[in-house]
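Each chain gets a letter, A, B, C, D and E, in the order it is written, and its residues are counted from 1.
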């Protein structure tokens, strides 16, 4: 497979970028950079790029994410203090050389190799389960039914922590969500989005982020039609239109725990993207202080 | 028949490469020619991901089924007069079956890793894929009317005088909507979109992911060849030999599909569902009725 | 017979190709942190496989009833030109009847997320 | 491939389907059994049509009708499943017997 | 060649039909049934019914997709993470299945079936079309009405929210005594009324 490796040597390096504080604008700047490709899932990536400061409270989350890059993998800390002792640290403006170096690295897992719950050898088939729904088959329990907020069919509720580094959410925002199907039933804000400064609220950057979730590029000519596809009445059209005109958005969002329940996943993600990170941060901080 | 099948098997990889190039043009990344090959090779050398308690068999086979459906769909397309790999008198129905099974395969791809984002992608895709398939059925039946046959060979023969795209101007755009849906593109990419971090392929890596992209591009080729055959006269054309015409038309439709995928924004799925049933489906009825009135003796 | 032999051969080829290709990649040990589902650093409490609330279930029921019409339409298309205006009228009536169902479903909101 | 072999395959499908329809406890699995029986029925109809009816179109029509019956059965069956679940959070045949309390 | 293909396809049809009731994962069960249908559809093509055969595949792919959705929606443990057997009257069912199979097979073997093959080169799809638009026109249109009734019935039974709000809102039965408690079940009550089934 020598020729395959030779061919692969010229490939773009797939990078999963985690934007920390002040990291959003620099990461967006890398999107059109030749030699690397920003990807949406760590499974597709070779290198984990941490851009901007991530506070120590998110160390475990970052280590989990790091483990989800298929090995061999590398880490780059770009204008960020390393949270674990692996990878290259860069202070300057260009992380590409460090990313190239990291693409040769092979970090070990930072998390211990233990299942979420002990299960091996338990249960009638050694799969950890009991009866039809009980126990922890293969390390996790099964979801149980709960009341639904829309049509009254009591089906299973899926509870999980989403974020803080989920690419479709504002960076740093971690939510404890309960979903039924793809509709959000309840929301608790665990950590607010990171501080992004003025650069993070730049209209073209915000518009590009929102349009990417809608599957199109940021060229304004195309984006006019994009307004039509957004749901009416939620203010998303108004905010996107403002950004496309180059204006800023100064609306304060409702607290997330009240605004998100009842929304479908796609709507919720677009709704979050239709506010500048600073406004979302402010509203989440207010809640936490209260 | 065997020659036609071999031709398809030989032509598919280069056409997949071309599809990947189309996807790269205009993204400002450079290396349009060699880039897809390099990225593909790099992906092949990466490991596959294991997930917690996945459905291993379906996870292994889903990209293969997708590719198989693209190949079978492609095999009903006549390459030249009388040269077709699957010589079946109900080729249009077989293509329809491939569309229907594509929905199943994408669902299985999202179901099998046992992870939330792929699962949501899989379910959303079914909601959109099923009604999108209805559209294509109506417009393909519109293409079968003048041919008085369900055989794709006859559909081409019936276009000797006038192409179906002129008889049925709405047919091609509606069929392209289906094309975007079964190739997981742009406005119909409810399976693998960015708001689900890659959706059904969010948990895939290495060769499994490379194959999924390969199969997706192969489906684009199959769809474009089918659209060229049903609406643009397939291998018919002056001067040049038939297969060349088919190739040219296929390339044009591939480029059009890629462009359409980048041009139109994706709606939230519930809006799209209503749009499909309430706007596009009646349009496809109208398109069929139009053809029906035209071809009446 | 020949009609289905070739598609079947192509299916077998594609599956064989896909399974072979998936053996190329590097082999790694699947540790638990590597296998956890991707949630951006977060973790789920339960398996993702669940009684999933399919929000569009009434639409699927409408769909399987409506889709049956395809079974009748294909043979209809073959004899349409020979039969002429009668065929147009009959299919118009058939589709008209079914469209009532779609309109009713729309009014009842089945195309919305439940 | 003779009429007898085709019909025996159809009989096997019907037998398995009957087993499923009688033995399964949940509505949805019970419907799978019914579908499998109808699958056998389609095969039998097409076998007869091909070997004994000389291609009379009624045979094909009958196969289409069987399929339409299947679609109707599924749509109504699932709608009932939803309706019952909404009221009772139940998906088993036995829980229906306790409905009159 | 045709015989070999028939043998392979019928084995596949029966095997996957059997697996439907043996796999733990409901999704696998649905798609096993789909495989069984696909095999039968391909056999139908071998039997000179290219339209019915391929259309069976087409229809069943869609129907089994919907089947899988509902399986996952309403079955406990839909992926079969805990292996389970959810059967009742098992022996009786096996016996009934075996009796049905052997009875039908015996009937097939003992009866003298007429032989009249489909003529070579017959355009069976065209025949079917003429049948639909000619003698069987009434069946065709009746099917339309039946499907409409199915659509409406399915929507009425399954949809929760109509134009006038939730289907069970505000529909209290009359009181047992004038002005007293409504008879029977109250719509809001069901929320506190879980009853999960354990393993059987």
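Just so it is clear, a contact is a pair of C-beta atoms (placed from the backbone, for glycine too) under 8 Å apart; a residue touches a chain by one contact, two chains touch by 3 or more.
Being a predicted model, the structure only gives us computed values, none of them experimental.
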item	value
Steps needed, at minimum, to go from chain A to chain C via contacts	1
Distance-maximising chain from chain A - centres being C-alpha averages	D
By mean Cα position, the chain sitting nearest the middle	C
Which of A-D and C-E has more C-beta pairs touching across its chains	C-E
Mean-CA-position distance for chain C and chain B (Å)	14
Centre-of-Cα separation between chain B and chain A, whole angstrom	30
Chain centre separation in whole Å, for chain D relative to chain C (CA means)	20
Where chain C touches two or more other chains at once, by residue number	3-4, 24, 26, 28, 32, 34, 36, 38-40, 44, 47-55, 57, 60-68, 70-72, 74, 77-80, 82, 102, 105, 112-114
Residues of chain D whose C-beta touches two or more other chains	64, 67-68, 71-72, 74-75, 78-79, 82, 85-86, 89
Shared-contact residues (touching 2 or more other chains) in chain A	1, 41, 43, 70-71, 137-140, 142, 145, 150-155, 158, 160, 166-167, 181-182, 264
Chain-to-chain touches, reported pairwise for every pair that qualifies	A-B, A-C, A-D, A-E, B-C, B-E, C-D, C-E, D-E
Chain C - residues contacting chain B, complex	2-4, 6-7, 9-11, 13-15, 17-19, 21-28, 30, 32, 34-40, 44, 47-49, 52, 54-56, 59-60, 63, 66-67, 70, 73-74, 77-82, 84-85, 88, 91-92, 95, 99, 102, 105-106, 111-113
Complex contacts: residues of chain E adjacent to chain B	25, 27-28, 31, 34, 45, 50-51, 54-55, 57-58, 61-62, 64-66, 68-69, 79, 81, 125
Residue ranges of chain D touching chain E (in the complex, touch as defined)	1, 3-20, 22-29, 31-33, 35-36, 39, 42-43, 46-47, 49-55, 57-58, 60-61, 63-65, 67-68, 70-72, 74-76, 78-83, 85-92, 94-95
Residues of chain C defined as touching chain A within the complex	24, 26, 28, 31-34, 36, 38-55, 113-114
Residue ranges of chain A in contact with chain B within the complex	1, 4-5, 7-12, 14, 32, 34, 37, 39-41, 43-44, 46, 70-71, 137-140, 158, 160, 166-168, 179, 181-182, 211-217, 222-223, 225-226, 229-231, 264-267, 269-270
